[in-house]
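Each chain gets a letter, A, B and C, in the order it is written, and its residues are counted from 1.
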Amino acid sequence: MSNGFSGRFRGMAPAMRGFCLFVVCLAPAGVALAEAITVVSWGGSYARACQQAYHESFTAETGIEILLEDYNGGLAQIRAQVDAGAVHWDVVDLEMPDGWLACQEGLIELLEVTELPAGVNGEAPEDDYPGEYVTECGSGVTFYSTVFAYNSNYLTGPPPQTVADFFDLEKFPGRRGMRRSPFVNLEFALLADGVAPDRIYSVLATSEGVDRAFAKLDTIKDQVVWWEAGAQPPQLLADGEVIMSTAYNGRIFNAQVLENQPFVIVWDGQALDSGFLAIVAGTPRYEAARQFVQFANRPESIANISKYISYGPVRRSPRALVDSHLATGVKMQPHMPTSPENLTRAVRLDWRWWSENRDDIYERFSAWLAR
Amino acid sequence: MKHAPNAGVVSANEGDRPSAKAGRPSLPGRKLGRYGFNAFCVAGFVFLLAPILVIVPLSFNAEPYFTFTEGMLRLDPEAWSLRWYESVAEDDAWRRALVNSLIIGVAATVLATTLGTLAALGLASPSMPGRTLVTAVLISPMITPIIIVAVGVFFFYSSLGLGQTHAGLILAHAALGAPFVVITVTATLAGFDRTVLRAAASLGAGPMRRFFRIQLPLISPGVFSGGLFAFAASFDEVVVVLFLGGLEQRTIPRQMWAGIREQISPAILALAVFLIAFAVVVLLTVEWLRSRSASAQRSVH
Amino acid sequence: MKRILHLSATAPRLGALALVLPLLAFVTVSFVIPLGTLLGKSAYQPEVARVLPQTIAELREWTGDGLPSEDAFAAMARELTALGENRPELARVSGAINRVQSGMRGVLNRTARRLARTGQAGSWRATLTGIDSSWEEPATWLAIREAGARFTLRHYLHALDLEQRSGGGIAPKAADERVYTPLMWRTLLVSLGVTLLCLAIGYPIAYMIAASPPARGRILLLLVLVPFWTSLLVRTTAWIVLLQRQGVINGFLVSLGLVPDDGRLQMIYNMTGTFVAMTHVLLPFMVLPLYSVMRSIPKSHMAAAVSLGAAPLQAFRRVYLPQTLPGIGAGSLLVFILAIGYYITPALVGGRTGELISSQIAYHVQTSLNWGLAAALSSILLVAVTVLYLVYSRAIGIERMRLG
């Protein structure tokens, strides 16, 4: 018989006491980080770029710590937290359509454009932000776009040049990466089906148009690898898991310049959208969150992002500050989604259409996917 | 731990004498069959172990790929490196995840082991009313699909304000771990001779004394291995954490999940090797406890 | 504690109960009640009725033919105006009604916003229809009434791919609109397939362990237990590393020249990935019960049969196999039960075509926020598992479950 064991277990009562102490200690541990906000963003190289561009200087200036959480878009978590009245996320980097919808639904706090900081030369913010990127709950911050890209190591023949090539299984057999979301994919499908970029949303306005987009997606459905996080497509391309993939242009750029990946971006049909920093409704850390959003909207914060990733300012005055990539010295202008040669056949995402139709299209998309 | 062998099943076909006419295959044929069988079994073991073993050397790859480079095969020291281990050790996120895993795991284990052991003692008593039903309820967390547990716990705990808290995860993990304790302790108690307790009582030992001096030492291997099971269950659990946990409750599996979904760098393999080592230690401990429990019970008799 | 232990000596029934009670209470609060709320959510939806009480009351009076009365329009307008002030509540209600009829989220949000700005213009009916023509359609009002019912089987109909016909009665949806029933079938078939694979691989392994001399048997058993104890995520990661296009197996095949470099095999993010990884993860759950049954079968039985002239295969089939049936039953049921609820492994290696019903549950909880549907799907899965669990405990006995 073991005295060791009985000895240890004779201490059962103290162990219980210890446990209670332990639980009591845990509770204040959560509260101790008083001045910290949770900022939710897209992870990977984009989140890192934001961190370096302005999170660190924000903490240095205000003393407010930033806890950086990743997500893959969507309003689910925000709705859940607001519904439950337990808000853990303070600031969320939303896609424009989600931002607009969230504002409509009261999921995020109001923030008039006039409350944002002035431009480089003191321009009033309401004149500095393009009107179509302004909502009652804040304004678009950085332009980014969804493009498609391929790895020239694996795709050695004549390169794909248009969105139609992306859907062409005969010319380019092999698997493709696409985001697991109807967002942007419907636009790509119609472009590939011959719809002109500026006609996309008038076609989508009818249910026949939506059917047409899904029918086009049907043609490549079996060959698609669906990604969720923005960090996945560069990985899928690097691993040769897919021959081409839709992706955020900045992630591909970073893989090109920082990891020397032989990726090529096809700008044809790029879907231009803007990121949107929103304060979650009912956050107990509203003041700190507001300070953060204002800091992020400063012209120098926004311009700084382009030193780390190829995303550019939505507001006009800092656009001239975009210069070169900090780590490699690459000139950034040609890599920006907003540079004129990249914009020739661009689709500007219509966030009004998406916020009206989001729920229905998402439901249809998930049912389509599950079949 | 060992449950009674299934003594009820004696050959049902006793009267079914095999026909003597059945042709016996020639000796080489039988040998071939035996080789085939052994080869199949070896293949089965390879299937079981190879995936785990393959990632051990790959975690020392100097390149960020998942294939054995030529250098590695030539055992070129240049091709092997500890860089992924360093990157895990230096990464704050992994360190925080380890702390969270330990806090949640230890607390859940203490809770599950204490309550589970008491319950097993009660269940072992011959006079326990409604034993089958009670056992079914106590074991149910183990059988319920984890996705359902996670969803249910997410809805209910969030409405109580326990969403994204350590406490919520501890409670959920304790409920998931308790069945393991109940099962292991019950199994140990099955081999426990209650006459020993009666003997002790007749010699004047009080109930407390009888419990701590006789019963607990005898069942302690079961308690301890049940606790290990509960800890391992919590340490490996990711679905409930996915639904209920937030940024500040990221555990090791949750962090791994994020890594696997986005990009599997060999850093994840380095961590995987650490977890495999952990598994082997736990396994050997449990086996040691089991043999100990068996010999302890023999020595009582 | 002292008192309980004392009690267990004097009044055994009470004592035993007192020992069990803490865990029973704990499991009830931390586990059983949450599952209960989940079941509740699948059929109980008080939100809309709580927030729009007058409108719902008015709509109950309405026959459903044509448009409801002016009173209903007025109640709707009043309650929507009030909701304009409470944006989170408006979001919730419009979301709930939108789930009954798509497009309603926009209609309600738009109307609430406009009402707050402009107020009444003419009759309430004219005001509302002036804001949005949807208010002229009976379907709009039917949707609100439907969403306002506290108890509903709507989510179950949805989960079973059934629909309410306009003329009453329930019928299955058109084949190309079914989503969940095919997925349930797929889940069942995959679980069955994985169970059979586990049996096919696990049976010989268990036999080999049981037939080996004790020392070697113990080592072989440890080899089964190592993967059993290894983190699920580690094992899944291992399969990704092995199976992906630039992974170990493809690399090996290419270096042998068996597969061209541009024709690497697709073994992951599809059904193959799900099958391989799930079989691996669940195999120990098959081997262990089989082994513990086989261990108790005297080797002399087979030897006797063979010495009586039976061919080894025949001896196996007539003598050995029947004795291992309890182990086969226990292992198979366990593997099957675990397989139909699996989430992590299919989600990581299954891709779109290798997904199981659990993924849809997660999707509706986390992404679509259709919690009622998620709860209904969960309840259906839970019923299936409970039935199997009862079979298991009847046939095998739950206390016999062997761990490691």
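Here is the rule we use: contacts are C-beta pairs under 8 Å (C-beta built on N, C-alpha and C of every residue); 3 or more make two chains touch, one makes a residue touch a chain.
Because the structure is a prediction, the values reported are computed rather than measured.
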Chain occupying the most central position, where position means C-alpha average: C
Farthest chain (mean CA position) relative to chain B: A
Computed distance of Cα centres, chain C from chain B, in Å: 22
Approximate Å spacing (C-alpha centroids) for the pair chain A, chain B: 38
Chain A-chain C separation of Cα centroids, rounded to whole Å: 29
Per-residue overlap in chain C, given as positions that touch at least 2 other chains: 1, 244, 246, 366
Where chain B touches two or more other chains at once, by residue number: 111, 159, 261, 264
For chain A, residues contacting two or more additional chains: 80
Interfacial residue positions of chain B with respect to chain C in the complex: 1-3, 5-7, 9-13, 16-20, 22-25, 30, 33, 37-38, 40-41, 44-45, 47-52, 54-55, 58, 65-68, 111, 115-116, 118-119, 121-123, 125-129, 132, 134-141, 143-149, 151-157, 159, 171-172, 174-175, 178, 180, 182-184, 186-187, 201, 206-208, 210-211, 229, 232, 235-236, 238-239, 243, 253, 256-257, 260-261, 264, 268-269, 272, 275-276, 279-280, 282-283, 286-287
Touching residues (chain side chain A, partner chain B) in the complex: 1-3, 5-6, 8-10, 12, 15-16, 19, 22-23, 26-27, 30, 38, 43-44, 67, 69-70, 80, 84, 86, 88, 228-229, 231-232, 234-235
Residues on chain C engaged by chain B in the complex (per definition of touch): 1-2, 5-6, 8-9, 12-13, 15-24, 26-28, 30-35, 37-38, 41, 201-202, 204-205, 207-208, 220, 222-242, 244, 246-248, 251, 280, 283-284, 292-293, 295-296, 301, 305, 308-312, 314-315, 318-319, 322-323, 325-327, 337, 340-344, 348, 358, 361-362, 365-366, 371, 374-375, 378, 381-382, 385, 389, 393, 398-404
Residues on chain C engaged by chain A in the complex (per definition of touch): 1, 86-88, 90-92, 94-95, 98, 102-103, 105-106, 109, 113, 176-180, 182-183, 244-246, 262, 264, 266, 269, 351-352, 355, 360, 363, 366-369
Residues of chain B touching chain A in the complex: 103, 106-107, 110-111, 114, 158-159, 161, 163-167, 170, 212-213, 216-218, 220-221, 223-224, 246-248, 258, 261-264, 292, 296, 299-300
